[in-house]
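Got a structure here, written out as structure tokens. Questions coming.
Labels A, B, C and D are assigned to the chains in the order they are written; within every chain, residues are numbered from 1.
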Amino acid sequence: MTKKVAVLTSGGDAPGMNACIRAIVLACERADYSVLGYMHGFNGLLHQEYRLLDGRSVHNLIQQGGTMLRSARCKEFEGREEAKRAADNLRQLEVDTLIIIGGDGSFRGAVHLSQFWEGQLLGLPGTIDNDIQGTDVTIGYHTAIETAVTSIDKVRDTADSFERIFLVEVMGRRAGFLGLNAALASAADYVILPELFESEEQTLEAIMQQLTKRRRERGDVSYIIVLAENLWPKGVNDLAEQLTKLTESEVKPVILGHVQRGGSPVSQDRLLATRLGAYAVSLVGSDISGIMIGECHGKPVKVPLPSTWQKRKPLDEFTVSTMESLMNNRYA
Amino acid sequence: MTKKVAVLTSGGDAPGMNACIRAIVLACERADYSVLGYMHGFNGLLHQEYRLLDGRSVHNLIQQGGTMLRSARCKEFEGREEAKRAADNLRQLEVDTLIIIGGDGSFRGAVHLSQFWEGQLLGLPGTIDNDIQGTDVTIGYHTAIETAVTSIDKVRDTADSFERIFLVEVMGRRAGFLGLNAALASAADYVILPELFESEEQTLEAIMQQLTKRRRERGDVSYIIVLAENLWPKGVNDLAEQLTKLTESEVKPVILGHVQRGGSPVSQDRLLATRLGAYAVSLVGSDISGIMIGECHGKPVKVPLPSTWQKRKPLDEFTVSTMESLMNNRYA
Amino acid sequence: MTKKVAVLTSGGDAPGMNACIRAIVLACERADYSVLGYMHGFNGLLHQEYRLLDGRSVHNLIQQGGTMLRSARCKEFEGREEAKRAADNLRQLEVDTLIIIGGDGSFRGAVHLSQFWEGQLLGLPGTIDNDIQGTDVTIGYHTAIETAVTSIDKVRDTADSFERIFLVEVMGRRAGFLGLNAALASAADYVILPELFESEEQTLEAIMQQLTKRRRERGDVSYIIVLAENLWPKGVNDLAEQLTKLTESEVKPVILGHVQRGGSPVSQDRLLATRLGAYAVSLVGSDISGIMIGECHGKPVKVPLPSTWQKRKPLDEFTVSTMESLMNNRYA
Amino acid sequence: MTKKVAVLTSGGDAPGMNACIRAIVLACERADYSVLGYMHGFNGLLHQEYRLLDGRSVHNLIQQGGTMLRSARCKEFEGREEAKRAADNLRQLEVDTLIIIGGDGSFRGAVHLSQFWEGQLLGLPGTIDNDIQGTDVTIGYHTAIETAVTSIDKVRDTADSFERIFLVEVMGRRAGFLGLNAALASAADYVILPELFESEEQTLEAIMQQLTKRRRERGDVSYIIVLAENLWPKGVNDLAEQLTKLTESEVKPVILGHVQRGGSPVSQDRLLATRLGAYAVSLVGSDISGIMIGECHGKPVKVPLPSTWQKRKPLDEFTVSTMESLMNNRYA
């Protein structure tokens, strides 16, 4: 029996969301399922705003950043009446399966909806932050690292030319995945992460100790510090000023900002998005529901939606120990 | 008779400075001239800090951002004693020709030095700002446009996904070349430039008028404003806040910052740097001195150094009229 | 009085054709002209296959390679009956102005059509080859250089690692613009171009002389030769084999091929396409017809269509002399 | 007690080899080990050609393609006398640990050497082919996928513009990892891989069946086939000709070639190279020898060198099943 599948993207946009939509549409086409896309995240569900999708509509989509279905954060959707309306809308269109691509906020919305809708609900992890428990990686994460690293490579050209200190703020709301990997891959000298943050004093002292040693050994040198956003109590500009005083050199802040969200997805994000999207369609019609499909050790996994946000996902140990052996050195 | 050529890079670094050094070194090698590079701009000249250069030292240099000779701004060099010391150092090394790659500050330094040194002085325009009179383009300018455009392309992905307004600050200290071209090439909707700036009120009104029309015609849409740095009296964050109130949508500021200076030079900058560097060497030993070599209409030109800063270089008319016919539309 | 404008793209696709279509559509929208796009080059004109275009249809188009209107080479169109049918189709749709983006083959088609159609005909130069007389640059040319240079940069990594000789074939049917600039910007060691080609013997001898000198001075080194396509009588593989014997090292051929046509246009192509497109619309309704709009010395120029192909466009002198002073060195 | 570590790169160069050298040098510096790099793979070992390495020598190395230590394939090294001489050289320099970055050929060389040298031997997997058993990924593999995908994205622009069929040959000597992932990430329509190759007839039939269905459903469309090199018996040009006849459309071959080896490593390769390099140094001085350090499921693993080549590494199942559900469709 044929099925009707709906898909939406919600929360911050992430490169690879389009590649995931494409995979879902093509896999559905092959299985003879019909597909529609709700626009603007849960808003589209509330206002029955959607478009039909087929192979033509996703041609040349794999390489595009952002999301063709638009996204939104939808405060409104937290209410009971709203979720009921959404459920009615899904019933009216006879949707069998709703696939939600997004982060933990989106998955909370999905669980809320499931109280009022009996259909099949599947989540796919789409966020540049990688802060979703139960999957090794999330769609958009690899591209965001690449974008940050490409930017820091450029900053290093000036840092080297002037033998100057730069302080680069990268995204990563509550988690240091992006900051840690961007710092390590761009050969930064120090990284300040939520998971490893002790105190302002300790941080400043460690930086000064390492920098002093470096200058003694190699003379004036460039030095790049990567800082996760929203971590330094008074902000990146305050830290730059403090370091300017301490180091007696002008420390320049660089805020990468929203540039990190966009761009054509790198291959790894296209591939992850494609694998997860095609796998989700293979579950359509089964009694599996209320789960996120993630990837662990190269295999698909099914994670109950609440497990994706209940525990904090730890940084990868191998990467942390590598960082400790090459950066952030303290010399006791 | 063989010659001794010295080269230095000064002021803000610009992509293509290395390509220019390479061309100078290779052209000298071919002409059997010896070459040395002073380190850290005029500082190297003051402290006789230099390195010998040959074909090997510039292998694989063409594609690297920054400058292998380091750069610096050198306040100290404005004094008479310092310039005399530099002249003595040049005499001591028996330098025949000094080639200075930099912007107007560097050329002022060259003129200052020429009061005390009788050797041949040649300037080459190296700055991402393109604000040097007497040359159509400067080394680094095309790469900086490309970097800004690539970043704004990424911002547009999020702007489109959320149908949101973004305000992007690009470099361009006193001139709008970078801002104008980056805005036009990234399909931005509005651009605020020093050359065309009337008042805060006029700007806000024009934006609101255009945005209102756009929304009426196309519904909620993404909208990108490009702002030249240091132009808005209270800064980019203040403008973002004002626009947030006026548009009743969250307007996000993005500051591209020092990322714009670095990166592997694009072909046009490699080519310009190579043409100018090779041409400079062809003048070594002639009685031409105290000039900058620029490029106008695809041909090399010689411009007396003071002419490079005495008049303000105007924006290109064809580009301005194109901008006016596609962006910044006011509807009287 | 309002006007009706039609646009088509013809011949080999070139990055920036989309940016040009966008500029035409937006400028028309502003002038209250209606616009339609014929599909598949002159084929669309023959079969009345077109689509209406407006601001929405060109959103986010500026950065896309290829052409949304598709392209084709259209042998059929050389006939009289076909041109008459096309003229009838244009009259039926009440088209006032037809803008053709393409190369010399496309402009010949335009002249042929003009015998049968009384409307306004404007050409815009779109080809990666830059072989159109009357304009300094063509849409797509800068991107093609960039693509070739980026590829040769990668080849150099292996060439350096193995101190090996590589022979890279770049596009450029009958003209060496692409080859010359790609070679110079990628720090290639030798370039073989139609405009400067004397004989096979002379070329092989010059390469061997330069290579022998290089090896004597610097030991085993990497060495990169750039070859324009269709130039070496028996092809790139034959040349590689001959060089392998002569140099007693394995010489690897690399054929860049169709990769050079595609890709997101670089800023310079987006800007050129935008300037020319907007300017073309400013001429709509005037009595200027049968011309190509090009750009010389940064200003728009109007060139009678036959002049664009009647003389061979020479290589830029400044670039050729730079090449001669840094590459292809012969040591008499 | 301090240690002396030597490192060499051997076999085909791979992006990230430099990042790996850097990590080894920095980790050694931190542990107070001295480090030297043998040049030109095993040749340097035979001829005692090496250079001392420290933090300065690897500055700004992480982002560079190729290998600063050069590479080579070294037939000569298969002899007993040669291996003995290499062992003597290692003893003469008092090397405690030799780290070899390369592929299976390099590891065979390491095992051969171990018969004559009692020191510690560690291998690290560096090859774009990913065909090394015992590690999930190899250094250079992710960059090679990215390079291939970026190229195919460009080919698609022309394929779409002309609704034409392209046949793209990617590297992958004996394994389809690169081809499979590049095809899937570039939205290719069909992929021909060694692991899944049945016969020429079956392949041609499957392509024709899929293409006919596509044309029936969507009209003339672009169609991209990815082919692993050295797989089609008479070569890529022969296949293009056969397909041209069968499809009655011109099928254009594109050979990506050596471009795929070079380029700045993507973040994932920089990170893998850095993790493996730092981990290798943590084993210096232990009694672990004769092993390759790979990475499985995000953790370091130690694999006896012969195990790396004795079994054929299978393609990843999840990726194969994804490919089967979206591409290469046969319709029974």
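Convention: a residue touches a chain if its C-beta (ideal position, glycine included) is under 8 Å from a C-beta of that chain, and two chains touch if they have at least 3 such contacts.
Since the structure is predicted, the reported quantities are computational estimates derived from the model, not experimental observations.
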If a chain touches chain B and chain C alike, it appears here: none
Centroid distance [mean C-alpha coordinates] between chain D and chain B, Å: 39
Whole-Å gap between the CA centroids of chain C and chain D: 34
Centroid distance [mean C-alpha coordinates] between chain D and chain A, Å: 28
Touching two or more other chains - residue numbers and ranges from chain C: 153, 156, 160
Each pair of chains that touches, named by its two labels: A-B, A-D, B-C, C-D
In the complex with chain A, residue positions of chain D that touch it: 22-23, 26-27, 30, 55-56, 60, 62-63, 136, 142, 145-146, 149, 153, 156, 160, 181-182, 184-187, 217-218, 264, 266-268, 270-271, 274-275, 278-279, 281-282, 295, 297-300, 316, 318-319, 321-322, 325-326, 329
Chain C-touching residues of chain D, taken from the complex the two chains share: 9, 12-13, 15, 64-67, 70-72, 147, 151, 153-158, 160-163, 166, 252-263
